[in-house]
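What follows is a set of structures to go through.
Note that chain A is present in both complexes that follow, paired respectively with chain B and with chain C.
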Partner chain A sequence: MEKLKKLFRPFSVVPLAGWLLGVFCAAMMEYYLGDLISYYLYLPKIPVLFGTLVMLKDPFLIPSVFGYDLIVYVVPVFLVARLSAPLANRLAALLESMPLWLATLLHLAAFYGILHMWAGINDYRVLVVKLTMISIILTLSLNVINGYQGEFSCSHPGFMALGAYASSTLTLLLFANDKMFGEPLLNPALGPWLFPLVLIIGGLVAALGSLIVAIPSFRTRGDYLAIISLAFLFMVKSAIENMEIIGGPRGMSSQPNYASLTVVFVWMSLCIWIVHNFTTSVLGKALNAVRDNEPAANSMTVNTRKTKMTAFMFGAFWAGVAGGLFAHVLRYVNPSTFGLNKLAEILAMVYFGGLNSIYGSIVGAVSISMLSEALRPLELFKWIIIPLILILVMIFRPHGLISFTEINVKELMRPRNKERSGGVE
Partner chain B sequence: MDIFLQNIINALQWGSFYAVVSIGYSMVYGVLMLFNFAHGDIFMVGTYIGFGIATLLLALCSAFMPGWMIFILVVIITMFLASFVGAFVELVGYRPLRGAPRASAAITGLMIGIIFETSNLIILGAQRFSFPPLIESVSYNFGGIYVTNVKVLIIVASLVMMLGLHLFIKKTKWGMAMRAMSYDFQAVPLMGVSINVIAPMTFAIGAGLASVAGILYGQAYPVLDPYMGISLGWKAFVAAILGGRGSIMGAALAGYLLGFIEMFVPMFFPSTFRDLIAYSIILVILTFRPRGFFGMAHSTQLRL
Partner chain C sequence: MAPLLNIRNMTHFFGGLRAVSDFNLTIEPGEIRGLIGPNGAGKTTVFNLITGVYTPTEGIVELEGENIKGVETHRIADMGLGRTFQNLALWRHMNVLDHIRLAHYSQLSYGLFGAFFGTPKCRRQEKAVIENSHKLLELFDIDKFATQNIGNLPYGAQRRVEMARAMATKPKILFLDEPTAGMTPDELIRMIEIIRQVHRDFGVAIFMIEHRMKFVMDLCERIQTLVFGEVIAEGPPEEIQNNPEVIEAYLGKEDLH
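Our next item is the complex of A and B:
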């Protein structure tokens, strides 16, 4: 650990902008030279997810994959980041003098550009990135209920299903010509512009549905609420299976392709921003108070009922939005997608990453989705390795990897060449 | 009327599985205040162990042993082996997490369940096995109601197991230790009753019962499948909650209730509505009686 710290000391002066620059160079390199490098390393094509898939399929290619990763990712990122540190620090100082929202937006735009370029190399990457970002929304929204508010809610796939079906029904009804609802009611050209509205309606439907779980939560907590939410999940699934008008057990397909990478990215950023603002607001702090001691919070004038209801509706809203995006990314949903497997996956992401933390949710969602994609060639063994990792995390860090930390954008983006000026901000 | 009585018999049979499995949840809850989320998969593993033992014994001993003797031997050996599975789950998944947040233990339980399912698929492959019939099925006709001896065996054996467990908990020293543990988790270890003995024992008893339920299940529905524990396990978990946490009688009653709901709903509605109606009823019950049938009223503050 000490040695590792020593190794990374030269990089402590690199600000976020510098890292972004490094990653940008790596992505550029892959974009222009990827084919050439992979040809000389005897790789069949550009490795998709850092070569993990190729590596597990054909062990003889392991050295070339490592070589590729080293040449294309590791060396450019670290080299450019370190070499450009003085420049990047000046840039960071410039950005720091701007209003916070502008600086954040610029960082996000740069990040999106890099992501777009990296994912643009093939369609599989685009899909993985989209699904990962949807997982981030889901994990964050479940963290609001399970982490910040401290319930153990099992109904998240249910909320997701409500959102997915509501938004799919709307887009199919209004903008698409399909066999289920016939001719579109509105001009399909309007579709992409009204898509956010559709997603919001999907979220609102999920939020309304969450009242079924939220109202019993006034009187009960813990295991009983877990069962109520589980019952809700099964009810939603069963109800959808029995509604022939939306496809029943066969599901809905051929949703219009509105959820492009940009759309999903914008929604994810919005979600992170809004969840962060919500959880640091007075109402968000009330969630923690209710979690830690409900009677005490009540006597301190926290309206516990309103707090619980808000938490559930807020979490369910984002789950519904994520469900709508999910339906339009895969362009096919059926009720069995939103079952216990999905629940186990989302719970794993939340508890792996860490409760009560936005960083943790992002880390959990990204690592579990990437891990499950990267281990795909192992087929069944994947479902032994991932649970084992989770068990180990739970044993050694029962609250998850990064728990109880708040995201601080200003601290994240500050220039690193000088010591921090003040004390605690 | 005939259909009604016939359904009662079927519901009793179906409810017996729920009741026996949900007792396992309830017992663990009573001692550790945690739910053993791997219990549904322990049921699955127990069924497969029973399947293995039954096939082995049928091949070796069917020449000189009557069927009922083989059945009893299978039950005893399977209970013995399955109880180690239960104790193993406690050792790996729950002991390191004592004092950790409750949800973390739930996650390890779920993950151990997934590992069980996957290892089963890896070891035995995707082919479906069929549980060998240990008892020749004889069907009796009571004025239009068909009762097979397997159904009677399932209902009677479940009741016997529940009665045995009840006696064990009420009359023996170990049972007393368990009851004491559920009464006060902190003080009892100071009185010389080690939680590291009682907790694995609770898991082991639950697993043993679940494995017998698995053998009986195999007699009634012979097709085995690695994911058979999931839906039965979750429903038994629901029954354990509905009965009141830690209450064994409540869990058994709720298990039967669930069996009745699931069997009687198709009489009046299309059978696809079964889950919807069953869970709606549960939701309504828990909304108006949040502590279940026999659970103690609890404060709203529980540790996370």
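Our next item is the complex of A and C:
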């Protein structure tokens, strides 16, 4: 551990901008030289997800995969990040003098550019990245209910299904020519522009549905509410299965392709921003107070009923938006997607990443989605390995990897060359 | 003008059990009143009845002439009734500053939309709340703990956080439920000073439950003694101290043999 720390010391002067630069160079390298490098390392093509799939399929290629990852990702990232540190620090100082929102937007734009380039190498990556970003929205929204508010809600896939079906119905009805609803009612060219509105409507439908769980939460907590919310999940599922007009158990397909990488990224950023604003405000802190001691919250003028309702409706809204995006990424939904498996997946992300933390949700969503993609060739064994990791996390960090930490954008982006109070080391 | 707090014939049943019967109390602005009684006498129940945790079965409860019987707890708190709890009711995953911030809940008007998008109005109000919170923290001498998690604080400091939190709701009357429970003698003296200071600086009326006679005698102008849900004596401290019925309730009947 000590040695590892020593190894990373030279990199403590690299600001976020420097890391972005490093990752940018790595992505550039893969874009231009990826084919060449993989050819010389006897790899069939550019490994899609850091070579994990190839590795599990053909163990003889393990050294080549490691070599590829080292040459294309590790070395360029660290080398460029370290070498560009003086320059990047100057850049970070310049960004710091700008208004916070502008600096954040510039970082986000840079990050998106890199992501776009990296994912652009093949379609599979694009799909994985999109689904991962949707998972981040889902995890964050469940964290609001289970982490910040401290209930144990199992109805998230239900909220997601409401959002997915509401938005799919709208887009199919209004903008697409399909076998279910026939001719589009509006000009399909309007579709992409009205898509945000469609997603918001999907979210609102989910929020409205969440009242069925939110109102019992005034009286019950813990296990009882968990069972009520589980019941809600099955209610939604069987309701959809029995509605022939929206396809019943066969589901809905051929949604228009509106959820591009950019759209999903923008919604994810928006979600993180709004959840952050909300949870750091006094109204959001009220959620924590209700979780930790409800009578005390009541006596301190907090309207606990309104707070509980807000948490549920807010969480459900974002689950609905995520559901809408999910439906338009896969362009096919059926009720069995939103069952217990989905629930287990989202809960795992929340509890793995960490309760009451935006960082935690992002880490949890990204690592569990990436793991489950990377271990895909193992098929059934995947569901032995992932729960095992989850159990280990629960033993050593009962609240998840990064819990009870608020995101601090200013701290994240600051230059690292000068010593500051509370800085690294 | 109506008294600050007016309670007439407040009675409460838990099932068939008469927990509090015919409780009367009038508190004028700026008064300090005490409520004593042996364990299980129903003192905390009286607090819970007035603050709206339970609704009294019978009787009148009025704050500044307005009925508060059957009103939700958070509304009553907003109307000017602040309280602390017998066994510290703090929020264990929150830091000290957030405790005080949150007690400003009802004083904010930016609404959910403001909270989601961080509107200028929201930022302005949040800033004012943080400034006010720091002022309160300084007043109670816990400013140095501001960013600490509440669990890391010594017991006495936690008590002071609870007090500062109650004061952040801008109460007109403050209910203290055993403010010195589990305190060392040093902390006790500190607490007397703090209560005096709160009384002087904020001009609030105080109604407290307390077991330590010295503490009650020092602070209160009038004391009520509650035994089995009934008030058996009421008056200034000296009178209560020498009241045979009170002595009997605490120490038992004198053995004449």
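The working rule: the second predicted complex is superposed on the first by the 420 of 425 C-alpha atoms of A that agree within 3 Å, B and C clash if a C-alpha of one lies under 4 Å from a C-alpha of the other, contacts with A are read in each partner's own complex, and residues count from 1 in each chain.
The rule is simple: a contact is a pair of C-beta atoms (placed from the backbone, for glycine too) under 8 Å apart; a residue touches a chain by one contact, two chains touch by 3 or more.
This one's a predicted model, so the numbers in the text were calculated from it and none came from an experiment.
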After the alignment on chain A, I want to confirm one thing: do chain B and chain C clash, or do they fit together?
fit
Now for A:T310: first (chain B), second (chain C), both, or neither, which partner does it touch?
second
With both structures superposed, pick whichever of chain B and chain C touches the larger number of chain A residues.
B
Of the partners chain B and chain C, which touch A:T301 in the superposed model: first, second, both, neither?
second
Could you say whether A:V282 touches chain B, chain C, both of them, or neither, answering first, second, both or neither?
second
Which of chain B and chain C A:A344 touches, first, second, both or neither:
first
Can A:V13 be said to touch chain B (first), chain C (second), both, or neither?
neither
With both complexes superposed on chain A, which partner does A:N146 reach: first (chain B), second (chain C), both or neither?
first
Look at A:N293 in the shared chain and tell me whether it touches chain B only, chain C only, both, or neither; answer first, second, both or neither.
both
Touched partner set for A:I274, first chain B, second chain C, both or neither:
second
With chain A overlaid, the minimum CA to CA distance between chain B and chain C in angstrom is 11
Mind sorting out which residues of chain A both chain B and chain C touch, each in its own complex?
291, 293, 295
Spell out the part of chain A that touches chain B in their complex, as residue ranges.
146, 150, 152, 212, 215-216, 219-224, 226-228, 230-232, 234-235, 237-239, 241-242, 291, 293-295, 340, 344, 347-348, 351, 355, 380-381, 383-384, 387-388, 390-391, 394-395, 398-399
In the complex, the residues of chain A that touch chain C are 274, 277-278, 281-286, 288-289, 291-293, 295-304, 310, 356, 404
Can you list the chain B residues touching chain A in their complex?
29, 35, 92-93, 96-97, 100-108, 110-112, 114-115, 117-119, 121-122, 230, 234, 237-238, 241-242, 245, 270, 272-276, 279-280, 282-283, 286-287, 290-292, 298, 300-302, 304
Chain A-facing residues of chain C, complex:
51, 53, 72-74, 77-78, 82-83, 85, 89-94, 98, 101-108, 112, 114-118, 122, 126, 129, 165-166, 168-169
